[in-house]
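In what comes next, chain A is part of two complexes: it sits with chain B in the first one and with chain C in the second one.
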Partner chain A sequence: MNDGAAAPGATDAGEGSLESAGRGESEDRETDSVAKLSLHGITRRYGRETVLDQVSLDVPAGGTLVLFGPSGAGKTVLLRVVAGVVEADAGEVLIDGRDQHGIEPEKRGIGMAFQNFALFPHLSAFENIATPLHSRRGEGATRAERRDTRTESVERVARLLKIDHVLRQSPGALSNGQKQRTSLARALVAEPELLLLDDPLRNVDAKLRFEMRLELPRLLADQGTTVVYVTQDYKEAMALGDRIAVLVAGRVEQIGSPEDIYLRPATKRIATLFGDPPINLLDVDPECDADGPYVTLSGRRYPLDPALAVAVGRQCTLGVRPEALRFGDASEPGAIPVTVEAETPLNEKVVDLVTTVRGREILVSRPAHLSGPASGEAHLVVPMERALLFERASGERIRPRGGSPGSPDTDAGGAR
Partner chain B sequence: MRRSPIERALRGVALTVVVVFFMFPILWIVLMSFQTNETILRMPPSLDFTPTLANYKALITGKLVSNAGTLDIAFMGNLWNSVLLSVSSVALALILGVPAAYAFARHKFRGSEDIAFTLLSFKFAPPLLVLLPLTLYFQKIGLANTYVGLIWVYQLICLPLILWIVRGYFEDISPDIEYAHRVSGHSWWSTFRKIAIPLARPGIAAAALLAFIFAWNNFVFALVLASADKQPVTVGALAFVTASGIQYGQIAAAIVLSIAPTLALALVAQRYLVEGLSLGAVKG
Partner chain C sequence: MSQLEIEDVTKIYGAKRDAVAAVRSLDLRIERGDVVALLGSSGCGKTSTLRMIAGFESVTSGTIRVGGRDTGRLPPAGRNIAMAFEGYSLYPPMTVRENIGFALQSARVDAAEIRRRVDDMAAMLEIGNILERYPSSISGGQQQRASLARALIREAGMHLLDEPMGQLEPQLRALLRGRIKHYLKERGCTVILVTHDQTEANALADRIAVMEGGELQQYATPAELRDRPANLFTGTFIGEPPMNVIDAAPVLDGTRVRLVLGEGVSLDYPRDAFGEPVVRVLGEHPRVTLGVRPHAVRVAESGAPARVVVNQWLGDQSHVAAAFAGATLVAVEHDRVSFARGDTIRVAVAAEDLHLFDATSGKALAHGAEVVA
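So, the complex of A and B:
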């Protein structure tokens, strides 16, 4: 176990400094005050499998951190370590700068909603929501007064979540959406300073998920609580988080704003996880001539940002978002001939599958109101200024040296 | 699901056959308990008899009147012993077994499986093998022929049963439900009492019922370790084999009286068992 040697309060301000120092974006906000929650080198193993590997991150008070990652990345385990129901093998959890080692879950002042709702099946929805209130000293001197305050709190949060009409029912009689709201209400009712939400929208239908995705940020902002939100839906992550921590195979691969993650992903894997249709990945071998570094696509020379000259001679993968691509005329600079194989209309956008002369498949996305070729020969314009370059073997993005204007690293606008 | 009338009729017939087949001995015993030895033993057997309460009267007053004279029997004492021994054994096994089952289900500690298996292995050994050394020990330490000693030995029957059945039920409760209660600000003990126990109640009821039946039906332990005043009905029934013949009427009445508590308990516990089956909202 962790020896808890670090003095309380001595938090490391550099976000993700232990793990992702080399990868983390420099513009990660530094917390001036003591972070509400900070994790240092959290490691957890189950048998031989390392589920969490040196996870370090900070969440400032009042902020929302989204923990995003594919299933099995260790998000839920990490949340449980924070809640104190699962112990870490190494590392420390600090809440308000205090080491939580040895502090029981009930003493941590946390609200938590579970992915499978985890409602108490033998209690009514009302009693479920009221559970966190029984343990805390209610206001009011007498027992009756305390009961009244409790009832009031439960009804207030139930009204907020629109479940006040089902409070008398048992969880078994509730729909999934109502169960989800009940579990959320239970997490919120005691107004905890730290709220852990474990993929609360996972098991609800699409319509409700969409509604809640719109409602939740406002609700959380009103409460003013610090939130750690786990999800494996990248849209949810982008909609809810001030900052997103991408967890892959138990490691934090990147922490940053939704924009950072989308436009400046640290690795190829992160680029693939965000975006639908997924990013196009093309293997390229950057070369250099008198005019500077370039890559070759379908026999055409595409100049690279001079700041990317470090990539020359390395095996690389070029990443281009489907929405960055567009069809154009053969005469346009940077246009390559392609064959449109299939077209999928997705209401607000149209996704085309095209193949290049060398047979490589590329996805192109365009807004539905723009017309484009549905089949046959066409020309594709590849905007190199919006392309990302990854080292093929490690999957890490090659960062421009010096950062010239127009590169994705400094250009904050664009492809969302 | 809709069924054709023929299918329903066949189903009814099949059920009746099964019920009659299994219930007939019980029914016959109930009928016997209202007859005298003469009407029971006549050939061919007939349902034409005048019911008599003499058998029950003999059992309750403790005076067995036969043609050879009057004999004292302690049947009501035996019945009381059975109740006392079974109830105390099950109660003790629940107090010890339920927390232990929870520990085995939730906390995987070093050797937990070995300990659980050792407890189960008590059921493997033939009781007679255990009894001989046990009797010698009990006589040395003064536990032979005491209720405490018997209840202790009965743990060999009750404890493994309760431990293993209840453990399975605890394992079926999603840990998230308990985590949710802990995070809501409640201690381990409160979570155990307010969440784990109520959710495992059907399992606890089933295990307690089974343990009670096994304890009630136990014969060998009580035969060897208890003398007349501590004997349960199973052993006490031997008294009906008298010098002047076997008192079938009284035996039947004694059986009816001794299965009544188990039957009543089963009917009460049935409610919990069914509740357990319909409590399907545990998982999201």
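So, the complex of A and C:
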């Protein structure tokens, strides 16, 4: 793996402060410049249920923040609070440092697009896209001039989204993909400084979703817009977010770069939500002997990073991603015997389900062009340097004290 | 004798001017112990086909034989088929346990044996904790798994599964796919599953029947579909990310094959990289459509220049899209790569990784050095 690589906007791996699971995040960053969007302690209850619980985060100008989480986590409600359609019970929304309390949704300079497209059925695609422009009267311009500017804006954004050939059609005559592009065009046409996208690719087919996932970053970068993007698809979150806020049950469980989230997840749950096939979780009880801390898998001693000595004596769960595992020889140090139960191709990968001698199930994946055992007895090599350790009961990741080169953590002294 | 033989089957709904052909002249053979997926988007004819096999729909013309017997007058119950269908729902007054064990009870299997087998099945599908509950009090995903359990527990000549894992949470999917495949293979079950999800079809099936517009596009193993797509439809339908498609004009001389793409870019190969049969096919086609799988795009030291549009790291692989010859070329790297937007990279595609399609009909002409007969 090339560690010098960069996902869009990935932060330095050394920036350990981002890992504080949403707590105190705004103090660590952007203190020297005003964030485009800041949320402080947003709380919202419906009856007795708290759907948003003290949500705080910042989005720098021009950045893309992805709100990721399972359904019911509060993502859409949070987006609506930012838009001003739903009022928070507590906390404040700041845009360019200005408190938005009492400011009407249409005065906040926000563009929005939704998963259900929300197009006006009686208007053409052109008229749908043009709707945000009606309320903005160019001062001093004549009516004809305003109309020309309007047409120009709509056509420009339609060309960008490759729907310029269907502008005269009504939504009913458009394919799902075209509807979704029309909805995006409407969100973009007024060149809003802040764009809220609520799972816009949810209802389009896999191929189109993939195409849009590739196209969107360029489109958004060209507009220079600050974006908050809601999704339940971890690949979309990784691909589109400079940073990802993982929302679980109304709380921000972690906020960080895609790299932070994937390589240094704050909790077992986050580790499980990112990755396909998902991370393997194996219960272990770290022990210590003269050679240092270790865990036992299938009767084999696996040395732990000495910086993880804090885990000794605690009940833990070891997390190993399927792509970190590989098949090897019986003679290799740390190779454990397994039985391959089934081989299931997955896109450009092959996934094997194997069982250990104690009957634990483990998923192993590899690039499709590499060969491996399809069935029968085999040996599995577990690379401890790529494994994560979680406290079993709380699910919190145990972070190495002092750090050590080669471990997923490069942040020093990061234990909470 | 095949377990299932579908011969020239057509299904037409409606009459005269309103007639719609849902399935046209379908031929399909399924051997005992095979797991076959009917794969396609909605309206492709896959569900109509499944319903005809089950006996829920009549056949307009053609023959369906199960275990060598013509099913023409055979009612659904006489076909020895176990089913998990959408809308073929659980019995509401019975618990999940009773639902799953119902067929065994009817077959007068010993109560303790039923209990053991239901427990095993429930453990496999992760529904052990809801066995004593009633269908109305469990989630849609759990109902789907209970329905699947009820079908899989039966010893039948054939199992028909309609979108069996459509509602499964992503975290469970990979594990259950592995367990189910192991279960089916161990017992030698003959299975037909209908799905619109290619990852599900690829994961579970020995062979996949790709359908579109009521017609069978290709019937082959997952590996064959990947390496030898019969036409542009199958080529671009199967595979994630989808196959790259670029128009090309072949130019041949004594020693070289040049595939001229847009914007003055061309791919250049020695003639023997393809072999004479493919070179001859290229000579007969002034224009062809090239297909290149994203994993076959090599980012190399030398090669044609491409400008990186986006580089997306997904944790276990990187998707790099680049502007290339007036089109967009997507490459998949299993390691993380550091390209940024605007970077110029050089890309190469080995002759053996090129799929050539007829520019008009979309029919496959050649895969690498292999001419399609």
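Here is the rule we go by: the second predicted complex is superposed on the first by the 376 of 416 C-alpha atoms of A that agree within 3 Å, B and C clash if a C-alpha of one lies under 4 Å from a C-alpha of the other, contacts with A are read in each partner's own complex, and residues count from 1 in each chain.
One rule holds in what follows: a contact is a pair of C-beta atoms (placed from the backbone, for glycine too) under 8 Å apart; a residue touches a chain by one contact, two chains touch by 3 or more.
Fair warning: this is a prediction, and the values are worked out from it, not measured in the lab.
In the superposition on chain A, contact of A:A239 is made with chain C only, not with chain B. Residue contacts after overlaying the shared chain place A:L346 against chain C, while chain B stays out of touching range. Once chain A of one complex is fitted onto chain A of the other, the partner contacts of A:L214 are limited to chain C, with no touch recorded for chain B.
In the superposition on chain A, A:A374 contacts neither chain B nor chain C.
Set against each other, chain B and chain C differ in how many residues of chain A they touch, and the higher count belongs to C. In the three-chain superposition model, chain A touches chain B and chain C at no common residue.
Of all the residues in chain A, the ones that touch chain C in their complex are 1-8, 10, 205-207, 210, 213-214, 217-218, 221, 235, 238-240, 258-259, 262, 272-278, 321-323, 341-349, 351-353, 361, 363, 365, 367-369. Across the complex, chain B meets chain A through its residues 174-177, 179-188, 195, 198-199, 279-284.
On the chain A side of its complex with chain B, the touching residues are 80, 83-85, 104-106, 108, 110-112, 114-122, 131-132, 134-136, 170-172, 176, 179, 183, 186, 190, 196, 203. Note for the complex: chain C touches chain A at residues 41, 170-171, 173-175, 177-179, 181-182, 185, 198-199, 202-204, 222, 226, 236, 239-242, 294-295, 309-319, 321, 328, 330, 332, 334-338, 340-341.
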